[in-house]
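Chain nomenclature is as follows: A, B, C, D and E, assigned in order of appearance, with residue numbering initiated at 1 for each chain independently.
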Amino acid sequence: MTTTPAPAKRITDIGPPHYEKFLHPLIKKNYGQWKYHESVASGVLRHVAESGDEIYSVRAGSPRLLSTATIRLFADLAEKYCGGYLRFTSRNNVEFLLDDRAKIEPLKKELLALGFPVGGTNNAISNIVHTQGWVHCHSSATDASGIVKSVMDALHDRFTHEDLPAKLRIALACCLNMCGAVHCSDIAILGVHRMPPQISKETLPKVCEIPTLIASCPTGAIRSATYDGKPSVEVTEEQCMFCANCYTVCPAMPLNDPENDGISIWVGGKVSNARSAPKFSKLAIPFIPNNPPRWPEVVDAVVNIVNVYAKHARKYQRMGEWIERIGWPRFFELTGIPFTRYHIDDFRYAGTTYARSTHIRF
Amino acid sequence: MTTTPAPAKRITDIGPPHYEKFLHPLIKKNYGQWKYHESVASGVLRHVAESGDEIYSVRAGSPRLLSTATIRLFADLAEKYCGGYLRFTSRNNVEFLLDDRAKIEPLKKELLALGFPVGGTNNAISNIVHTQGWVHCHSSATDASGIVKSVMDALHDRFTHEDLPAKLRIALACCLNMCGAVHCSDIAILGVHRMPPQISKETLPKVCEIPTLIASCPTGAIRSATYDGKPSVEVTEEQCMFCANCYTVCPAMPLNDPENDGISIWVGGKVSNARSAPKFSKLAIPFIPNNPPRWPEVVDAVVNIVNVYAKHARKYQRMGEWIERIGWPRFFELTGIPFTRYHIDDFRYAGTTYARSTHIRF
Amino acid sequence: MADEGVKTTLLDELEKGPWPSFVKEIKKASETSPVCDDLLGQLELSYEEKKGHWKHGGIVGVMGYGGGVIGRYSDVPEKFPNVAHFHTLRVNHPAGWFYTSDALRTLCNIWERHGSGLTNMHGSTGDIIFLGTKTDELEPTFADLTKAGFDLGGSGSVMRTPSCCVGQARCEWACYDTMKLCYELTQTYQDELHRPAFPYKYKFKCAGCPNDCVASIARSDCSIIGTWKDDIQQDDAAVAEYAALGLDIQKDVCDNCPTKCMAWDGKKLTIDNHECVRCMHCINVMPKALRPGKERGATILIGAKAPIIQGALLSSVLIPFVPADELLETLKELTGRIWEFWSEYGKNRERVGELIQRVGMANFLDAIGLEPTPEMVAAPRDNPYIFFQKEDGKPKDGDGQ
Amino acid sequence: MADEGVKTTLLDELEKGPWPSFVKEIKKASETSPVCDDLLGQLELSYEEKKGHWKHGGIVGVMGYGGGVIGRYSDVPEKFPNVAHFHTLRVNHPAGWFYTSDALRTLCNIWERHGSGLTNMHGSTGDIIFLGTKTDELEPTFADLTKAGFDLGGSGSVMRTPSCCVGQARCEWACYDTMKLCYELTQTYQDELHRPAFPYKYKFKCAGCPNDCVASIARSDCSIIGTWKDDIQQDDAAVAEYAALGLDIQKDVCDNCPTKCMAWDGKKLTIDNHECVRCMHCINVMPKALRPGKERGATILIGAKAPIIQGALLSSVLIPFVPADELLETLKELTGRIWEFWSEYGKNRERVGELIQRVGMANFLDAIGLEPTPEMVAAPRDNPYIFFQKEDGKPKDGDGQ
Amino acid sequence: MAVTVEQLAEEMYEMIKEAMGKKSFKATDLAKAMIAKYGEAEVSKDDCKHAIRVLIDTGRCVYSYFGGSYITLPHKEGAAPD
């Protein structure tokens, strides 16, 4: 690690500022004393305290990748409408906290004028949790922000309206590391490689520990070899399932490739314990090629799934709950997505995913 | 293989006799034309054909291990009451097939007098599917017939009455090979070892292939070693989970032991697709010592589970469906069975059995 | 006589109680067969010592066959010389376990002549088990059996005796003729039943409907389970009758339907057959009012087995629906391809279900020439570890291997 | 200015449409920070070539810390020299992501002074991400941050920045004070956050109730999820009001209850709280009428993670219920024991959830001194492969080893 | 305590230098090695932690990161060479 000389008296290990400093006085007063909430309008919540106090939250969509200019804008708005108090949500939206109902509409108007949609509450589609992509990560099989922008453009009305059967959470991760934690999303957009690591034979011995590298491969596809008399490795391509774990531990094993990188779509995951237990997302579409700048095939695929869900699910049914009700064969039939060999699990719990009953719809 | 000289003209590969030869004329006539059935009394079914014909089945419990004397007795009864037509069921009961309703009672009376209870139909406990045990198998960790007799004595009323919430199927296997296919039973009684194989060092090299033996151990507990200069094996005891697969491939690896062999009890499996999908039985009691001749602790354990189930399950709920409704913690609470480290899975799908939600009853 | 010959203090306890006693059976047999005294003696010893007294295995059989006999030797032959050998024969039962009194007596005659007179009616796989004889008697027993029209079942690495539920012989729900299929499979594969050529055992079981009264989904490598494709046959008058007789149709029927595809308004029962998964529950509860549809056939499933050694498996869907009249042909063709693949790639003692898990279902389907369908899975994969194939990926040239 | 400096034909497409555009953000930042032009340029290249242009890793940081900075270097530095270095800093956010305008402006000032002016509000783990600066600026940024009362978050093999839902600050369902717990965990483990000493990363997330608005059960090695032990608080008048307003209580509420423990007779709602699994559904639907009970606390779960490399995991129950006021102490004690075991036995890059699967839950419980309870499992084992322990088995002497 | 933190730091430093390019050590590897050498009575985990902190805070060693974090000698700044 390269560090630059530090000042004489360094401050370290202070942790983040205490949150109390940033709480709206009304929130501080009613902390832990909230009684109930209701939806005032799409994107606007009203929380009522035991004391009778009320706080309004106005939620605006954000691209997450924000310039300081925009953050200053949010700060200005907060100052103008709510004493300077705001927060961000666990899905990267921004929430303005108002104690004055009258200021809701003016704030909304200003936000909209500035290009920030208000919504994402209740049974709307909220912001897409996502990751770095080509903007900052070395590992990505696709971009993150560009797809999110394209998909949210198409789903904009679903953000500003609360008319889905239930919450619908979309997440994107640009590689199998899944920093977007897409594994439990109603719809997950996941960047995938399809090319085995292309060994940089020259650099490998310089930058990687070969035993660690060999051990990193879950399928045992990497074996030691020599190249130009120097220790190196080779990959049995048939055994590679493109997880890129080897690349994480050794930079000389890149997998990315313009033609073979792309997107897979997964559906039916959830996190909440509401009604049913949390669930993993399952494979819907194994591969869609990267098609920047607007990834139209990915957008269409997501919109199609959302529309079919919106049409067929019963009230309060999350994507996965709906699919469990109708069965996976029907999901593929209704969405028109082809079922392929790739949908059949062959990883460690594969056996538990086969249909071990005669419960079949015809 | 030792074979004795065969007669000049041997008949082979003829397969079993054609079943048609053995069908009651009324069955032959209405074959595939049955319309509905109903229960006439416990152990007595009435099947009605499209033609209006009726056949009555009287089902009697059997110990399965039958002397020819008893088989002749059944033959005589069949001749006396139903033209000589009878069958056995998939759970080893015997069924007399009558076309004359009037003969049901006399037949029942005679069966009862001979010591053969009539029942096992509908929501009764039927016969216990079981295996050889000490009567014939080398592999057994317990006897089969003795436990079955003891348990069925205690559950006799549950055989002759149809008053459980649903069917309740008990099976017994005397070792992990599970010839009684206990793995999907409402209640499974399973013989288990708890002692690692005791290597017969003298005989091993003579009777076993060492590589095959080593490969047979799923946990890799068996390693090669030498004994008296001859190739042999040794067992890492901590790695042994007593499956006896090594013994199956090598007689010099016996596991049986009077103190350490015994019984485990498993619950909640089912085979039918009715309502819920088929399920495996799950561990209820890890170990009960062998206590011949009547295994009172095993009998008590089974009777207790049956009674708790009978009391708490809703109509049509099989054991496993009931437990899934109330949750496993409640099952252990209601039955008073202690939950131990052994109940927590640590085999290949273990991860899928942990409680991965906050759905908890308090 | 047993009562004189051997002391069975412990076993005698098992003559008490209402359930028929196997000890009584052994004693009965010992009246005609002296070997049963020694069996009782050895069993009593096991009861005293809490331990079996049979040696491991033993390689005996009838000429030309590789299965159907389980060799068994006592480990205390000096004490019980009559059970020094105590082999069993597995005799292939008639489909559906139907007999006439005559047929039973024929079997009894043979077994009293050549063996202990003890049987299991039946073994867990379905065979008639002739329990206990000496090596010398194997061939004569076999000769008598075949003369009487019976043949041996399987043991070892063979196809085992197929079995089936009572099916159309006495059940209104049988969606195909289970006994016929069972019989024909048995006859078709006589060679595979008698001459071990597989990596391990292979079992067929035929159930006429999803109630699966022969436990095929849990106990057979290939499970054939009847089902239907069209709508449940419904007799509204009969439904009303059940209701009038006190059946709570909402609670007992509709609420137990796994897909909740039934509605009862107090008068009329409506089934959304499009959503029905053919579980049988409603039909089971109201057999006079509801019946399986008319377009009948079976689902073919693959791979069930007991836990040794990778853990127990239930069969999983291979072909969602085969019309009843195409079942035998389809199965023959399919089985040929399955056995070919299994024989080629199966490891020693690897059941077909384990092989599928090892190579992956998709590769197995490729090998046997079936297309993947979503009915084969409970859910698609949830992990991103997809072995994309070369045709799909377009590997570029580069300095990789 | 971006518009003059670089051609971004493809990226310009992403300025269109109603959703706020990240491209606009980068362009906005490029008005004050020239590095953003090169970022746009390199990104445009990525869009043309369908390929990222960042090199693998890079080892930079602030003095004394082992994490909090992600080093990043361009693989086309000759074309885009301003992003030749483009490291990010992970800045630990205030619990609940609450800010004042002032605090935000302070952060902006620092980042405009030292970096690109681009951020993520927030990163997936919860940090404020300062996106892109040069090595030389790391230490000065850090100095300014700490002076302003902020500190770095984690990267590498450390405890990561804990995060939490808004909790009692604005949610009526929070069963414990998530923000306080989150803050205190963060402060307690400053050393573990900044100096890598673990086999791999370790994440805490605190959710106030089973709705889990911070996805803790899916995304944290240790998930603390609020719940209650006594009965749901019920206001019958408010229930009636919902009904009057048209809520179909039977269909929308009762029928969706996972345990079907609710009954509605058209007037009175009855909850069999003994059967309730605290799923939140009924409360979610009728927030004015139903509320979590009064005996509040949390369930502690362990082991969630993304799929690399053994497959994704959800956290599983470790302690079914800890009263709210004992949470911090319990967690400290428990975490100490967990980390000790994990540090000792975890393999390099093995998350705690993977370790548990590898050694078995029962052994893990032994190691951390917890008793097994049935709440920890969805179901007991279904395979018979039990490692009976020596104390239970009584191995005899013999010729075995 | 028989072994001082400084001594531990010195020995760890030697270990790291020795293995440079062949093997990277994690904090626990170093601690385990020291405890194995001196015994738990002489050296505690905390001592080792302090020793590592000495190495890092003086800049003699730095943390590196490839999938996981290691303690190594400082080297030229930059990403992995290609």
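Following the convention adopted for this analysis, contacts are C-beta pairs under 8 Å (C-beta built on N, C-alpha and C of every residue); 3 or more make two chains touch, one makes a residue touch a chain.
From a predicted model like this one, the values you see are computed outputs, not experimental measurements.
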Q.
Applying the touch definition from the top, give me the chains sitting in contact with each of chain A and chain D.
A. B, C, E
**Q.** Chain pair, B-D or B-C, that carries the greater number of C-beta contacts
**A.** B-C
Q. Where the centres are mean C-alpha positions, what is the separation of chain B from chain D, in Å?
A. 48
Q.
Can you compute the centre-to-centre distance for chain C and chain E, using the mean CA position of each chain? Integer Å is fine.
A. 62
**Q.** Computed distance of Cα centres, chain C from chain B, in Å
**A.** 12
Q: Determine the centre-to-centre distance between chain A and chain E, using the mean Cα coordinates as centres, and give it in whole Å.
A: 37
Q: Two or more other chains in contact with one residue: find those residues in chain E.
A: 59, 62-67, 75, 77, 79-80, 82
Q. Could you say which residues in chain C touch two or more other chains, in rising order?
A. 210, 212, 217, 225, 258, 278-279, 307, 311-312, 314, 382-385
**Q.** Overlap residues in chain A, where contacts from two or more other chains coincide
**A.** 1-3, 176, 178, 183, 200, 216, 218, 243, 248-249, 251, 257, 259, 273, 278, 280, 347-349, 351-352, 356-359
**Q.** Touching chain combinations (by label order)
**A.** A-B, A-C, A-D, A-E, B-C, B-D, C-D, D-E
Q. Which bits of chain D are touching chain B when the two form their complex?
A. 210, 212, 217, 225, 227, 229-230, 258-259, 274-279, 299, 301, 303, 311, 313-317, 320-321, 357, 360-363, 365-366, 372-388, 392-396, 398-401
**Q.** chain A residues within the chain E interface of the complex
**A.** 1-3, 200, 203, 206-207, 209, 216, 248-252
(Q) Applying the document's contact rule, which stretches of chain B touch chain A when the two form their complex? (A) 273, 277-278, 348-349, 351-352, 356-359
(Q) Residue numbers of chain E touching chain A in their complex, please. (A) 22-24, 59, 62-67, 74-77, 79-82
Q: Spell out the part of chain B that touches chain D in their complex, as residue ranges.
A: 176, 178, 183, 190, 192, 194-201, 218, 234-235, 237-238, 240-243, 257, 259-260, 264, 266, 268-269, 280-284, 286-287, 325-329, 331-332, 339-347, 350-362
